[in-house]
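Shared chain: chain A. Partners: chain B in the first complex, chain C in the second.
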Partner chain A sequence: MRSALHAEWTKIRTVSAPLRLLLGGVAATVALSAAAASVATCTSPTCGGDPTRLSLTGVILGQAFVAVLAVQVIAGEYGTGMIRTTLLATPRRTVTLAAKAVTLTGVVTAAGTVAVLGSLLAGRFILPAPSPVDGPALRATVGSILYLTLIALLGLGLATILRDSATSIGTVLGVLYLFPVLAQVIGDPQAQRLLQRAGPMSAGLAVQATTGLDDLPIGPWTGLAVTAGWAAAALFTGGLLLHIRDA
Partner chain B sequence: MTRTATPHRPGGSESGRDGFPRVLHAEWTKFRTVPGWVSGTVTAALLVVLFAALAGISADQKDAPPVPIGPGGGPVTDSFYFVHRPLTGNGGVTVSVSALHSLIPTGPADLRPGAVPWAKAGLIIKDGTRPGSPYAAIMVTGGHGVRMQDGYVHDTAGPSGPATAASPRWLRLDRTGDTITGHASTDGTHWTKVRTVHVTGLGPTAHIGLFVASPPSVHGMGTRGTVSTAVFEDLRVHGHGGGGWTGEQVGPDSPTFAGYLANTTGSFTGSGGRLTVTGAGDVAPAVRETLPTGGTLADILTGTFAALVAVTVVAALSITTEYRTGLIRLTLTAGPSRARVLLAKAVVLGGVTFAAGLAGALLAVPLGERLARTNGVYVFPATSATELRVQLGTAATLATASILALSLGAVLRHGAGAVTAAIVALVLPHLLTAVPFMPADASNWLARVTPAAAFSVQQTLERPHQVTSIYTPYNGYYPLAPGAGFAVLAAYAAVTLAVAAVLLRRRDA
Partner chain C sequence: MKPTAIREPAATGIVVAGLRKRYGTTPALDGMSFTVRPGLVTGLVGPNGAGKSTTMRVILGLDAADAGTALVDGRPYRSLRRPLNHLGSLLDAAAPHPGRSGRDHLLWLAHAQGLTARRVDQVIDQVGLTPAARRKAGGYSLGMRQRLGIAAALLGDPPTLMLDEPFNGMDPDGIIWTRRLLRSLAAQGRAVLVSSHLMGEMQDIADHLVVVGRGRAVADAAVTELLAAASGDRVVLRTPAAAHATRILTRAGATVTATGPHTGPDTVTVSGLPAERIVTLLGGNAVPFTEVTAHRATLEDVYLELTRETVEFPTSPQAPR
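After this line comes the complex of A and B, so read on.
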């Protein structure tokens, strides 16, 4: 496992694309968050706003960069045929996948922390009523970082199943973005709530809420657990398929 | 494979060797022989239909009260406080308005005086109290001076300025057959004609009287109900009819009326020739905000977003796969004019996607409309020409998005990056407009400058100038006209395609 980890770390460190994606993701997250905070009209809890959540809007863009990175970690290897070398070096395939997951978790957590803290910092400078530093705000901060990490693992799992980078990223972004879009047109309120609870993005981002928790379709941590469930299911299925299929 | 499909003639002109039809044929053969690409395109069409069916089936408004329909066939808001008496045959009514005040909620059970620009108080002749029945009215408004309105959509400006005790506004409304004339005056002696209108559908006995309406006021991403009170003086009626004045709320159960605020109600009280009337609601075309349960063609075509994902994946793959497998070198050897190869790919991909998207949209719209109507959902009306424009526009948007994704694929030579860029550019703006407290300006800016502007091809709603509401893409109102919105996406695609052609020529494959 240690050598597999070392191999994965070397791969991710020595190619320029992952670093560019992570830096791009951080920049995009902070930029969109700052833009949202500066244009929003209702920014304080007195008018029903949620300054912390508003400061973290950029996560919905940043997750796309994280997903591309996660997909490339494995689908990129299928694209170039590198996967056969990797599996030759580490014949225990689940170890390979675990090493990839651990490496990915590490780099995305690091980049996610920078992106989330950067967004909050930008929000504090821009918003007239900056977010307080309290329990719910801490939950939103830690939750957003965990959310980005879970999206990376979901991307890794789906890419292991689908093996093609374009198809995988289409599926990941489809699963993330389409649930909220579909929920808007579903007329039945119960079905709508169910969709918002089931979607990895709409449920997971509930963790960013610091006010009006009763109006959320799902509780903050429960919502993040839904995202974790998606990631776990994708990784498990991916691991199983990696084990039984020819590379 | 049929040779007859190839216009290339052996031994023909010199350009025939790498002539465009030949390259086109090669690309078409590649596309149709890869099962994944064909099934991806078919999936895109099916997703459009599937989402339309889901949107139609999931709604259940069978028990909802009927939406009032105006004489023009469009949905209307027809809920206001009406102090009326019958008027048989010709006649008229005169009154002066010396005050119009509105109350806006600032918190639960906390009402503050505020400005409601389209609060209305004045005279109205109406066929009856049935919501949607024909009328003509002359009124003082909160911020737009005196107006004469009829048929819910027509609006003519009269003398400007508010009505106050120091400077009241006199209003007069006369009926001669189907002709209604409105006059206004600032002193009660010198009258100016605002407009003469023909109102069809007024019965021999119409209802005539005073009315007060108070439309919702916009706050952030939502609207709040308001209530307005007007003071009338010197009310005089000439003509047959008789009877006392009756106060009544028109359309109290109408779906386009949100009802009164807590502790308020429509009323009229009179003393010494002064009548004080309080009312809420509006007499105007219905907009999305006042009729949130109504569906639009854009709602029915929500599957376009899902189709977009499938289409961009196929488009990006159609070039990045060639790079991955090395086939690109063979392709470029066979057709050394690299720009032509790229153009041929764009034509094949765009054509196939357009056909699939059109098939999906042609099926989805009637199916979704039918299912929604069966379930009691009111679908905002659209002419068949508009419907066709929406369907063709949806197909064209998908096709152009596929060309954008193809070009991004050629520039980045990296499938995931191309797909992500295309999806983020087209889907994310739609999600951002749904973020609570995102102001209308920001939403409209996104729908102007990002490729998502193209979704304006699906808009069927028109924004009436006499209704203050939230006109954002989220509610189905786009800042750009359908053609202009589509042109934004087309420009992105054209520029990216040009960059891709230049890079393809300059770079080694």
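After this line comes the complex of A and C, so read on.
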């Protein structure tokens, strides 16, 4: 496992795309967060209730970069045929996938931390009523970083199942953004609530809420657990298929 | 689980036994069996679609066989802890990332095996890729990519090497270089398996040949044996009096045919009599002739002979002999 990890780390640092995607993700997250903070109308001293969540709006965009990076980690290898070389070097396929997952978790956690802290910092400068530094805010911060990591693992799992970059990116973005869109379209409030609880994005981002928790469709940590469930299911299915399918 | 037999002591090389595999309804392997021994270059030859690449993929654990076993050093590839130290391989369809340099490609492979950058530079030097090592692999020519693939195969200093169509896309220099390398690797006592759909490529490098057709080995023998068997005792005779010569030689017990490896006007192929006897007979009967040649088979002939019935898509219904 240590050798497989070393190999995956060497792979990710010797091409330029991963770094560019991570930097792009950080920039997009902070930029959208700052933009959201700028256009927010603050009539009350607390800025409509949840300045922390407002400051973390950019995660919605940043996750797309993370998802694309995660998909490339394995589907990119299927595209060139290099996956065979990978499996020749590490024939125990679950080890291969685990090494990819750990490496991805590491780089996305690092970049996610920069993006989330950058967004909060931007929010502090822009918003007239800065977000407090308290328990709920800490939960939102750590939760957002974890959320990005889970989206990466979801992307890796789906790409292991689908093996094609374009299909995988389409699917992972579809899974992320489809539930909120459907919830908007569907009129029935019961079904709406169900969709918001089931979707990996709408449920997971509940962790960003610091106020009005009772009005949320799902609790902060429970919501993040839903996202984790999606990631685990995708990774497990991907691992199983990788193990039994011909490469 | 059944109790396993006593482990064979240091069984090196590749042993393929009774491999069967279907893709959908198409049988790709149908009882493929052969052995790749140390110290020899074994050629795996056969027409496209005969099962060469599938066999290699099964040996490497990339594809699973429906039945049969493929062992590397006595164990399935997927159970090897440091597989590149056992078997180095070059696959046609395992391209490096175009945006990564050749050296970095070898570097991650080395790291996967617990090897260092020093070993990477050694194999780069060995395959003559040093000037291009830090350039992106996407800009490599086909020949350079093959050299990079061979460097990857050599990385773990394995006792066994397996190369799928290594001469594809190589310029003549590269082909000569690859041949010398493979010969020297075998001379060091390594087992070398090389596949090709061109028999001519095997003439000067292979010691042993496994000819495959329709998913199985149709011949598995030393090159010298195969050549001897294919040459038979055929003699090419050129004479302006073919009809007369045929009568005399047939009476002496020979079989004479108008077709053969060397066809042309006034040319017949005689089998069943040595060349000296033919000359004596024709001279004694005053039959004029311009040429009597003992026919020497090439591997190409052997190959055509063996695979004639097994080619999946023959170019004509009756392939000419």
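Here is the rule we use: the second predicted complex is superposed on the first by the 240 of 247 C-alpha atoms of A that agree within 3 Å, B and C clash if a C-alpha of one lies under 4 Å from a C-alpha of the other, contacts with A are read in each partner's own complex, and residues count from 1 in each chain.
The rule is short, and it goes like this: contacts are C-beta pairs under 8 Å (C-beta built on N, C-alpha and C of every residue); 3 or more make two chains touch, one makes a residue touch a chain.
Owing to the predicted nature of the structure, the values given are computational and were not obtained by experimental measurement.
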| item | value |
| --- | --- |
| Chain A as common anchor, with chain B and chain C clashing or fitting | fit |
| Chain B, chain C and vertex chain A (Cα centres) - angle in steps of 10° | 120 |
| Greater residue coverage of chain A in the superposed arrangement, chain B or chain C | B |
| First (chain B), second (chain C), both or neither touched by A:Arg20 | neither |
| Which of chain B and chain C A:His6 touches, first, second, both or neither | second |
| Chain B versus chain C as contact partner of A:Met82, first or second or both or neither | second |
| Which of chain B and chain C A:Pro91 touches, first, second, both or neither | second |
| Three-chain overlay, closest Cα atoms of chain B and chain C, distance in Å | 10 |
| On chain A, the residue positions that both chain B and chain C contact, one per complex | 76, 80 |
| Chain B to chain A touching residues, read off their complex | 36, 51, 54-55, 58-61, 219-221, 293, 295, 299-300, 302, 305-306, 309-310, 312-313, 316-317, 320, 324, 375, 377, 409, 414-420, 423-424, 427-428, 430-432, 434-439, 441-442 |
| Chain A - residues contacting chain B, complex | 36, 39-43, 47-49, 54, 57, 60-61, 64-65, 67-68, 71-72, 75-76, 79-80, 164-171, 173-174, 177-178, 180-182, 184-188, 191 |
| Of all residues in chain C, those that touch chain A in their complex | 57, 60-64, 77-80, 83-84, 89, 91, 93-101, 104, 107-109, 111-114, 152 |
| Chain C contact footprint on chain A (complex, rising order) | 3-4, 6-11, 14-17, 76-77, 80-82, 84-92, 244, 246-247 |
